[in-house]
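Here the structure comes first, spelled out in structure tokens, and everything after it is commentary.
In this document, chain identifiers A, B, C and D correspond to the written order of the chains, with residue numbering beginning at 1 in each.
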Amino acid sequence: MTYVQAVREATAQEMARDDRVFVMGQGVDDFKGMYGTTAGLAEQFGRERVFDLPLSEEGTTGVAVGAALAGLRPIHTHIRMDFLLLAMNQIVNIAAKSRYMFGGRVRVPLVIRAVIGRGWGQGAQHSQGLHSMFMHVPGLRVVAPATPYDAKGLLIQSIRDDNPVIFIEHRLLYGRQSHVPEELYTVPFGRARILAAGDDVTLVGISHAVVECLRAQRTLSQHGISAEVIDAVSLSPLDTETLAASVRKTGRLLVVDTAWTFCGASAEIVAAVAEALGGGVPFAFQRMGFAPVVCPTSKPLEKLFYPNPQTIARAAHRLVRPKAPDLQVDSAESPEIAEFKGPF
Amino acid sequence: MLDRNFYRQLYRIRRVEEELVRLYPTDQITSPIHLSIGQEAVSVGVCEALRPSDVVFGTYRSHAYYLAKGGDLRGMIAELYGKATGVAQGKAGSMHLADPDHGVMGASAVVASTIPQAVGYALAMKMRREDRVVVVFFGDGATEEGVFYESLNFAALRSLPILFICENNSYAIHSPLSSRQASPDICRKAEAMGLLAERLETLDIYELYARTCRRVTELRAGRTAPVLIECLCYRWKEHVGPGEDFAAGYRSAGECRAWQQADVLVTVGSRLNAAVRQEIEQSVEEEIREAFAFAQCSPFPAGNELYTDLYA
Amino acid sequence: MLDRNFYRQLYRIRRVEEELVRLYPTDQITSPIHLSIGQEAVSVGVCEALRPSDVVFGTYRSHAYYLAKGGDLRGMIAELYGKATGVAQGKAGSMHLADPDHGVMGASAVVASTIPQAVGYALAMKMRREDRVVVVFFGDGATEEGVFYESLNFAALRSLPILFICENNSYAIHSPLSSRQASPDICRKAEAMGLLAERLETLDIYELYARTCRRVTELRAGRTAPVLIECLCYRWKEHVGPGEDFAAGYRSAGECRAWQQADVLVTVGSRLNAAVRQEIEQSVEEEIREAFAFAQCSPFPAGNELYTDLYA
Amino acid sequence: MTYVQAVREATAQEMARDDRVFVMGQGVDDFKGMYGTTAGLAEQFGRERVFDLPLSEEGTTGVAVGAALAGLRPIHTHIRMDFLLLAMNQIVNIAAKSRYMFGGRVRVPLVIRAVIGRGWGQGAQHSQGLHSMFMHVPGLRVVAPATPYDAKGLLIQSIRDDNPVIFIEHRLLYGRQSHVPEELYTVPFGRARILAAGDDVTLVGISHAVVECLRAQRTLSQHGISAEVIDAVSLSPLDTETLAASVRKTGRLLVVDTAWTFCGASAEIVAAVAEALGGGVPFAFQRMGFAPVVCPTSKPLEKLFYPNPQTIARAAHRLVRPKAPDLQVDSAESPEIAEFKGPF
């Protein structure tokens, strides 16, 4: 089953189980159906529970919060995470704070699904991974599953949770396949996933970067380096324990994000791991993510903007063998990037 | 009966806020208060027309509609005092007052920011086919925020059972409406978005009540587009805090005087006989005394309360 | 003369986009394109009435107004090809096309988000007492964003020299206007905010030109409130990309046919004699061929270009 | 001269020097004049150059960006930083990106002044320090001067800079006094300031936290601990070099922020210093900031929400003497907090 199908199945099954669940978002009921993730849901559950929205991100986010306050369980979709910048006030000032500021007397069971774009010249405003902004805010949960299995389980978990959850998908993960159980299951918040065990270096990936880390891991193993690959999965709460345990073992940490590094999730992971290990316990580390610029559209520049399996492998290699010459790897483009022909 | 209810509500809100004015200088209330003195009739006229199961949303200027809708008085005063017995255990203060048990869904210190939630709440009512309605109170300043228009459009698009009450006191802090809006006709804006809209030029509580009753009945029955009522009114006190600010220069005491001379509390009071009035006043005074005493005697929240109720 | 200019502009834009349609499947343009085919007359009718020193802002559907306002064609095609010779050296693509030297101030991929900047630019003109004007192009979908109302209010409040052009093609991606707006009357909304507003029901380029001339003259002289002109029009191609999408079900080919039968390019062309037309067409074809050849031959930006031009 | 006067003087002097500079913000021309920071400017420079705004944060931010694109130099004010959440799209998607995404052909010389609130029950939505959200975004500069001297010099620098600058003030710094030269001078971006030299531990403070760090430093010195106090001043660019040099010397780092720590500036500072020192060089560290909850209004809870000189001193003491019993210090409230009686 693909990632798209997993998201769709989780939604459909939860909607069937709980009639408080509904889906609202621009284009959720059109023939593209949010890249297929909402395809057919309007037909299956009716247009009252699956409906299109006007272009009013702040307002409709407030609407979702209000419906959640009233006891419904909205899933609000955004085809690009960049558009959440229009809804920051409702997300940060209202959704995240309502329960606490009203003394625990309300609940905001709200899922905000947002897609990180990449490739085919998405450019400055259709490519941002803004998760660290949401991680910064107490009262929100932030997850970014990288596998179809986690996508389904975490979406179900997010729908059932009584708090606002920012559920981050990545455009280039949509075609990813994995075994996904047909039955309903949940994946808990706050649990990272070890995808490959290793001893020499810990690679922590976020969202699509996980896929690239796995590729780098294979390259590294060909060069005799055993990398442990961890999918962060849940960004807030963050599973610092699993990450720290791995680094305690490997002594080296490479965090690869689908976002900028400055004040990013990768800064937090480094700091949190260092904290968990005790400031005085040394480990070599590096952060990778977007280049510290705006995302350009020109293909060669766009390519340089992102970490890739080669740059990841090279960085990991440097961490493990600082004195050795740089790892030489051929730079095949990852297939989902090479094959992606947009436009969106 | 209506006169009595109006008077009790108006008198109660006025006196609660007057007590706040009296006690604020003692620094026991350590959070900002935005008083509604002079504007109470808007909340009372509207909320008298509602059922307990109806829901209101509002702003940081929260006391009048909170009380008019039936919010708990003791819990409110204790909340302003930051006490553990407050409706939000001291986490809300005056700017985030809410009492969901009585349909008061809470306030926000960010202008206009509760408007879309009110719409969302009404959406839920409609989806569940309830015959409840939502009322959302906001100021004239809120009608400059983009989210106001987004919210009106959504409410109208889905024909939601919601009544928008704009308390137009013609100022946002110290800025007059004319310096902030090119066209001061708020009703016209609402109509352009697909709502029904009407303006009350005077603070006539009977008229407001009658109109609200009519509108709310239609909204319950799903027979009408959402409605906006613009109520002209006037804030007698400074924007925030217990004082007056006519010396500041941005408005004159004379401007206020006209409104004070038409004080709804006096008008309504004059329709009651002295005995009835006295009885109402005494019971309210008693209730207020008791509420403040309760707040003052209540303990502060324990330190570990800092960490509770972030997540459900 | 007007006929010639119109025809040259219309033909040029149409043919540029047709070339994009033809070449897109070769995957040399690796970024999203939003075509204006069918809507060109809006940009041409308006921009013909402007001076080079006037300024336009727009959207990701950027080609028509960019070219109509005088944006550099070679730089545009090279930009779409992601080449170092592009107007933004390959950093913009189609969605962020800008050519400030020719008064094209740029596009945004976030709906409605250039509207307030256009207003700010007009504010600067007014503060400097220039007799220039700003025009901002946006779609019907943009009129659902709160910032649209905030921008209109500000422009009207300060009587800025700005003309808002709403290209109402009645869809936002695949959603019809009626499913997004409770009241489809965009002019009424603009009027409620204090603007002058008028609607053009047909894509009559002469009428649009005439109206724009009149409005712009008044705006330059500071004699009028800001103006919004709503132009009904129709997108012939899919929302994004080079294809058609009548099979998708959200709209019908028949709906489009009426518009295609009234193709402004044909109407205007029929008013020219064959020789004039041919001359225009030939020179445009030549220019386009040259521009694409230029783009194709141009080098990609060097890797270190990734880090340039973040800060001034 | 107070902080308020320093901000006002910088504005007035730059407006006199350069007629492209203007001030727009809600209430800038009223009798309160943005806490006095814009008092009298409308009279001095006319209402065309100092004017009030409608309540339209996203729209007016776009207006400021547009005016900047046209060659003017707007200063846009916000009495609370929390309101910037309404303008994130214009700040992050437009202001920060315009120059890069248009290939360097435009400039956005824009100053956004934003005040962090604190005390007297400001509560959930009037107390946030959101700088890390802006630090995360390439294309913005972010500064948070703590002294009147830096406030003046950095404001002048920010006005003259051709890029968007988020200029962060703190409500409780407004009354602070220091010597401020009358003439025009600039303080550069990217330069931290060592306010007290010390050997045992480095205290890095941000905005008002600097004041609290200085108080903690005095307490620590009474207990024989020599703390180096550094005011970060410029958050983006960050003066990692100065911070790292200090930590190299002291071996201990305590970062105290006026914000949450998770994905916050303090995470970045820890990660950046560790990077500069080489991941393998150990140092003990701790991050302090807002409690990871929403800001409550009740005074006793509000007090616990923030670090204070006592908790800072105690944390620093623990870093220096991990085995010693906790430092006992009496908990006098800092005067600007005790004296602050709001309402705003």
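Definition applied: a residue touches a chain if its C-beta (ideal position, glycine included) is under 8 Å from a C-beta of that chain, and two chains touch if they have at least 3 such contacts.
Fair warning: this is a prediction, and the values are worked out from it, not measured in the lab.
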| item | value |
| --- | --- |
| Relative to chain D, chain with the most remote C-alpha centre | C |
| Rounded Å distance between chain A and chain D, as computed from the means of their C-alpha atoms | 30 |
| Centroid distance [mean C-alpha coordinates] between chain C and chain A, Å | 35 |
| Distance between the centres, which are taken as Cα means, of chain C and chain B, whole angstrom | 46 |
| Approximate Å spacing (C-alpha centroids) for the pair chain A, chain B | 41 |
| Numbers and ranges of chain A residues touching at least 2 other chains | 53-54, 56, 58-59, 82, 86, 89, 93, 100-101, 123-125, 138-139, 292-294, 296 |
| Residues of chain B whose C-beta touches two or more other chains | 86, 89-92, 96, 108, 110, 144-147, 149-150, 153, 157, 180-181, 310 |
| Overall pattern in which the protein chains touch one another (line/ring/star/complete/other) | complete |
| Chain B partner contacts - residues on chain C that touch it in the complex | 144-150, 153, 155-157, 179-183, 185, 188-189, 191-195, 225 |
| Touching residues on chain D, where the partner in the complex is chain B | 26-27, 30-32, 52-59, 82-83, 85-86, 120-126, 291-294, 296-301, 304-305, 341-344 |
| Touching residues on chain A, where the partner in the complex is chain D | 58, 82, 85-86, 88-89, 92-93, 96-97, 100-101, 123-125, 128, 130, 132-133, 135-139, 236, 252-253, 259-260, 262-268, 270-272, 274-275, 278-287, 292-294, 296, 319 |
| Touching residues on chain B, where the partner in the complex is chain A | 55, 57, 86-92, 96, 98-101, 105-106, 108, 110, 113-125, 127, 146-147, 149-151, 153-154, 157, 308-312 |
| Complex contact set, residues of chain D against chain C | 22, 48-49, 53-54, 56, 58-72, 74, 89-90, 93-94, 98-109, 138-139, 141, 161-163 |
